[in-house]
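Read from first to last, the chains carry the letters A, B, C, D, E and F; within each, the first residue is number 1.
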Amino acid sequence: MKLCWIHPTTANDALAPLWQKLDAAVRPALHPSTELEFRFLPKSGNFVRSAYAEHINSVHIVEAALKAEADGFDGIFLGCWNDPLWEAREVLSVPVGSVSEQSMLAALAMGKRLAVVTVSQKTTVAIENDLLAYGLRDRAIVRPVRTILPESDAELLLGAVSDPYAAFIPRVEEVAKACIADGADVILIGCAYYGPLLRMAGYTEVPGTGVPVVDSSTVALKYLEAMTDIAMKLGTVKSTRLQLRAPPREALDQARRSLSLI
Amino acid sequence: MKLCWIHPTTANDALAPLWQKLDAAVRPALHPSTELEFRFLPKSGNFVRSAYAEHINSVHIVEAALKAEADGFDGIFLGCWNDPLWEAREVLSVPVGSVSEQSMLAALAMGKRLAVVTVSQKTTVAIENDLLAYGLRDRAIVRPVRTILPESDAELLLGAVSDPYAAFIPRVEEVAKACIADGADVILIGCAYYGPLLRMAGYTEVPGTGVPVVDSSTVALKYLEAMTDIAMKLGTVKSTRLQLRAPPREALDQARRSLSLI
Amino acid sequence: MKLCWIHPTTANDALAPLWQKLDAAVRPALHPSTELEFRFLPKSGNFVRSAYAEHINSVHIVEAALKAEADGFDGIFLGCWNDPLWEAREVLSVPVGSVSEQSMLAALAMGKRLAVVTVSQKTTVAIENDLLAYGLRDRAIVRPVRTILPESDAELLLGAVSDPYAAFIPRVEEVAKACIADGADVILIGCAYYGPLLRMAGYTEVPGTGVPVVDSSTVALKYLEAMTDIAMKLGTVKSTRLQLRAPPREALDQARRSLSLI
Amino acid sequence: MKLCWIHPTTANDALAPLWQKLDAAVRPALHPSTELEFRFLPKSGNFVRSAYAEHINSVHIVEAALKAEADGFDGIFLGCWNDPLWEAREVLSVPVGSVSEQSMLAALAMGKRLAVVTVSQKTTVAIENDLLAYGLRDRAIVRPVRTILPESDAELLLGAVSDPYAAFIPRVEEVAKACIADGADVILIGCAYYGPLLRMAGYTEVPGTGVPVVDSSTVALKYLEAMTDIAMKLGTVKSTRLQLRAPPREALDQARRSLSLI
Amino acid sequence: MKLCWIHPTTANDALAPLWQKLDAAVRPALHPSTELEFRFLPKSGNFVRSAYAEHINSVHIVEAALKAEADGFDGIFLGCWNDPLWEAREVLSVPVGSVSEQSMLAALAMGKRLAVVTVSQKTTVAIENDLLAYGLRDRAIVRPVRTILPESDAELLLGAVSDPYAAFIPRVEEVAKACIADGADVILIGCAYYGPLLRMAGYTEVPGTGVPVVDSSTVALKYLEAMTDIAMKLGTVKSTRLQLRAPPREALDQARRSLSLI
Amino acid sequence: MKLCWIHPTTANDALAPLWQKLDAAVRPALHPSTELEFRFLPKSGNFVRSAYAEHINSVHIVEAALKAEADGFDGIFLGCWNDPLWEAREVLSVPVGSVSEQSMLAALAMGKRLAVVTVSQKTTVAIENDLLAYGLRDRAIVRPVRTILPESDAELLLGAVSDPYAAFIPRVEEVAKACIADGADVILIGCAYYGPLLRMAGYTEVPGTGVPVVDSSTVALKYLEAMTDIAMKLGTVKSTRLQLRAPPREALDQARRSLSLI
């Protein structure tokens, strides 16, 4: 099985330590026979926190997903909580997973009420919209997606590669405890990168609470691995009625050409 | 007041009779002092029925909206049920209205449970997703968005310009009656063009039922006219907290450049 | 177009400064061609905070609405959050708007989650019941309607005519900030009179938050103006099926005679 | 214990056979020590099917309830599905029950999903609004309140006193079976008079389905009897916070005087 | 009428003062003609706070209910918030009531939003699950079931028999006030024993709030008394369609034999 | 990895062809390194269709799950839609999966609205209760769980081992098509045995609709395989706060001893 993890940005060498740590954290969680390739986008807005900016970036992500399928990958992982999940799933024939949907589904089987701790105010909006569209409101607390403050930036992220306890974890823990007070019994890390970093640092539970801090990325990728295995062995991928029915490729390409994507 | 109606397609001379009829139907409904300009997109997928194709097309629409604001329009109307309402509203400072949201809000004040009759299976998905995101499920019937069958095509549309009773209305009426049987007391026409055509033809109620058939486009445009007047006279446009807070323009432009939009 | 704003009380000369300020605040927001007349009730309980007292007062309001329609008004505005909106809309043929419904619909297009800050405990109950009946729970925060404390009285109201900053605004702001902490991004002023006063005093945003403080009355009246224009130009007013179908006038009058209303 | 059943109409001698049958059906269901008095309204619209007409009639009902409490009754029964339950409960200190609320609560303990079969289109609206306000949507089927057709009139009602099988039951059964097909397992009769008539005629189950046809009136009255016994023996009647807190009597009387009720 | 109150534990002589107080509190609330018998379980886990332990204990409770029906009782009361209500109701033909369901239904007629204050963290889970299964979420506050802390134990319970004000009431009141701040206007005591103790001690309202503290046990038992009277006089007990349809006894006994219950 | 599939019945040699076919259908879908053992219950009610009977049977299932964990299995699969999922998950430390929860979660990523086609009326009740408890109502159609008629029996099941097209598939297809007409785009087979049989017979889509017919058992087992892999490699299993916190073993054993389970 070959899986493709699509980063939501262009390659950024300044973050090389992060990419190495991410690889080291995620790859061992997969089956030995599963191949994983990380791919960066050729073009990207690179984390502009805005609905429209993310909408634009989603085009790059779907295009990368289409290319990955054409290149023979068996399953596609959208490696960011800002994802075009439904759009990609519509136009692809292989399983598509996202950090967001797959980790939330996993959380449903881990507890009763989830909360997501994310890294910026704008991201709370995007994730909560997804959660509502997934129909999972009743399995989450009030204001189910909350951000650390101050928001994350490149410095915080790079710092967390070497030592998340110095700055990142205290911010997460403060929010997580407020979520628990409001009824959360599972905490998802609402960023594709911090989750693996926390797990590698051994921070997998809000101390003293019994509430797991879930490495959403790796858990979600494992779910995609299962979905892909189901597709390959059982042939079941998705409905092709209504929402997820792919348009004729030529019609789709007509739209893609309007943005010079092909 | 200057309003800009953004078509979701490029100009199509073959539909000239439609554009003339639309103009004739809509303009007299506005205040004499309201200027209205119809604008086509410079590029478009032109009605590819697909979530991803519409996602792509939404980029063209938001760009057209940004340009219209820069050109001095006081209010922007997204003239299609497949619209990037939230994204456009985020990045613009003037009021943005859509056929979908504004006509649904209007319907809430016209009855108790609405239904939308639209023109293709794929469109039912998009509109229902919007209705759910607007939080209006409890004011709509089960399966609140339904399509005529056979689906609409250019021929049906052009035919309806001259005589909607010949082919279009029978298809609508069959669906509308099923909606009424399921509890609808207001029917919205789920297409920006058929609504005005029906009204101009005098078809404004499902015969014998007391249920209005709403020209969603014109009604929605009137609501935008009010929103714009509120903006101009009271200064109230939108929240700038969280969801609708515009990103810094330079950051946004970084994303737009990734698609060569600027 | 002739609109009638129906006050929920009898005329009260002691509040003359309020009536003048209200007129000065609202009238310029309308189209030049729109005529507006304020009418007081001939009889009223005059703001008894009680469900049954408001139920009684609603009779006076509907009667005033019936009279206004008979007098030739094109649209009727129920100028209080304690309103008999559905009853009035049922028996009238012209558009009926209320501060409550129309301002909430407007708020849906201004942000994601609204809250209403009102002036007494009992009013929170009435407004929340309306909000739930409108089906808008998912677009509002938990405990979406909250009151200032101490509650408003005539002294506070008159004081706010000259200087709302002295006493009223601090009370509102405390509640509004709590609402924002719970997720609100739009604040509606839950009183027909304080909204215009705040706007005239320049208080249109909770300072430093990006959250608009909406003059619900004027915004709602503008929406009614649009509804009335739609009625006059398009002929679309309301469904006449089920909930909003008017009874035969003679049958209605039989009920009205039981209270000596006619 | 003394209970007062308040009819929603003035006395109507033409329906004398109904009043006798109702008394004979209901009284034996009560405890021997419970006294029951039926009272007609001194004035009424007498079943005008309209929201505003029922709003007016509700004033007469609350007034009758206030008088009954003053006359020493220990519990008040609003004997019609069109009832001012919340308003009466607010201003009274003794328990107030209604056919609607008490029979729906009883139905919750009899099955999983209820439906109400009522006697006119307008009544479906009123009852469904109550059901939604009670927060019971999830315990009822879609379109949970449905009417017999043709609607009920005095002739049908009087005929049902002697033989409900001739005309009434066939109409009910047709609707009830459709409700069962949609998932109902309990049917409430949505009229205060037909319920006892059906029970006296032995029609207490939709034949062959296991679904009880509930005499809502008598069941609701029994629940009120329990509520009243609780009030008398335990002292627990209602919350006096917010919604059900009675206003000061003098303030309330100010409102009542505006309608010459006192 | 003969009612059987089934305790969820085996007899425990150490709690004799509790049993006496309970009897003295509950019996006078019933009709003079109602006979009440308290029965302990022959075997029990005796309050192990665990879903599976309660699941096991529920078997003992249903068996006791079956025996009570066979012994001629007319109504069965499940005297604990951890109850197998649906299972018992399915297999019995006489009315079955529980503290949980019947007291919540009663609370719906006492106010607008209820909260339950219970005695352990695990019990909050069980009760909230019931509340959700009853479909009553919209009539309760957020996190509608909350526990006193420290949790209750035998010492606290026995102490409350003689003086609940010393230790129990302060813990309840702290939680109840937080519930009221979140919108509760009715407080149910989430334990079958503390409710009567509080009432006997005169603690029936959160001081100064107007919010009743409901002796859920006695109120629920009174509702069962009404249900049983309805069953005996009207013949209406429950739906026998789907959820509450009893299986053939022999088939049921096949399952019971698998646990050596018969 | 060692997984244990727990059958909900005792061994039944008459169904030997089924057990062989099931093994042949399921085992190849797992990773080569995954060991799977099927275990029957030592005692069981053996498919008595009743809530209480299934409650009893759930005790046997949890006991089997406890034994399987003690025997060293890494993940436990509850091989029936009537499952004690929450109870088992509470008391076990290894991942527990069920046909019901895991296949529904999988369906969420396959389409928009699911429906379950099951094999008896009573089973529809149990599955719908689960679906509601999972909070997935908004992702399913109205009446989301429906049964084939006539209901399944041993003869139908054995027949389907050799040829499901003869009798079983026509019954399923009729129900599935009704579900699709009501909006379903994914059909789950609501029986642990028929799903694999249908897949092996090549019936994996409702013909001509694009709607997958999901072999819920195998798909769910694959999800459990992923959950178990996550547990083994990441250490994340479940929350140990509130609902899923295991009681002290000695306390639990006290309850188990009351049924002579240990």
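By definition in this document, a residue touches a chain if its C-beta (ideal position, glycine included) is under 8 Å from a C-beta of that chain, and two chains touch if they have at least 3 such contacts.
Chain identities (UniProt): A, B, C, D, E, F = Allantoin racemase.
If you're wondering where the values come from, they're calculated on a predicted model, not measured in any experiment.
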Each chain counted as touching subunit A and subunit C at once: B, E
Interface residue overlap between copies subunit C and subunit D, same or different (over half shared): same
Inter-copy rotation, subunit B to subunit D, in degrees (Cα atoms; steps of 5): 120
Distance-maximising chain from subunit F - centres being C-alpha averages: C
Distance between the centres, which are taken as Cα means, of subunit C and subunit B, whole angstrom: 28
Distance from the mean Cα position of subunit F to that of subunit C, given in whole angstrom: 54
Length of the line joining the C-alpha centres of subunit E and subunit F, rounded to whole Å: 32
Junction residues of subunit F - those touching two or more other chains: 112, 125, 142, 242-243, 245
Topology of the chain contact graph, where touching chains are joined (line, ring, star, complete, other): other
Set of all touching chain pairs, with the criterion as stated earlier: A-B, A-C, A-E, A-F, B-C, B-D, B-F, C-D, C-E, D-E, D-F, E-F
Residue ranges of subunit A in contact with subunit F within the complex: 28-29, 31, 95, 97, 101-102, 105-106, 108-112, 134-139, 180, 185-186, 199, 204, 209-212, 214-215, 218-219, 222-223, 225-227, 229-230, 233-245
Subunit C partner contacts - residues on subunit A that touch it in the complex: 125, 142-143
Residues of subunit F touching subunit E in the complex: 43-46, 48-53, 55-60, 62, 84, 86-88, 90-91, 121-122, 124-125, 129, 132-133, 242-243, 245-247, 251-252, 254-256, 258-261
Of all residues in subunit C, those that touch subunit A in their complex: 112, 142, 182-183
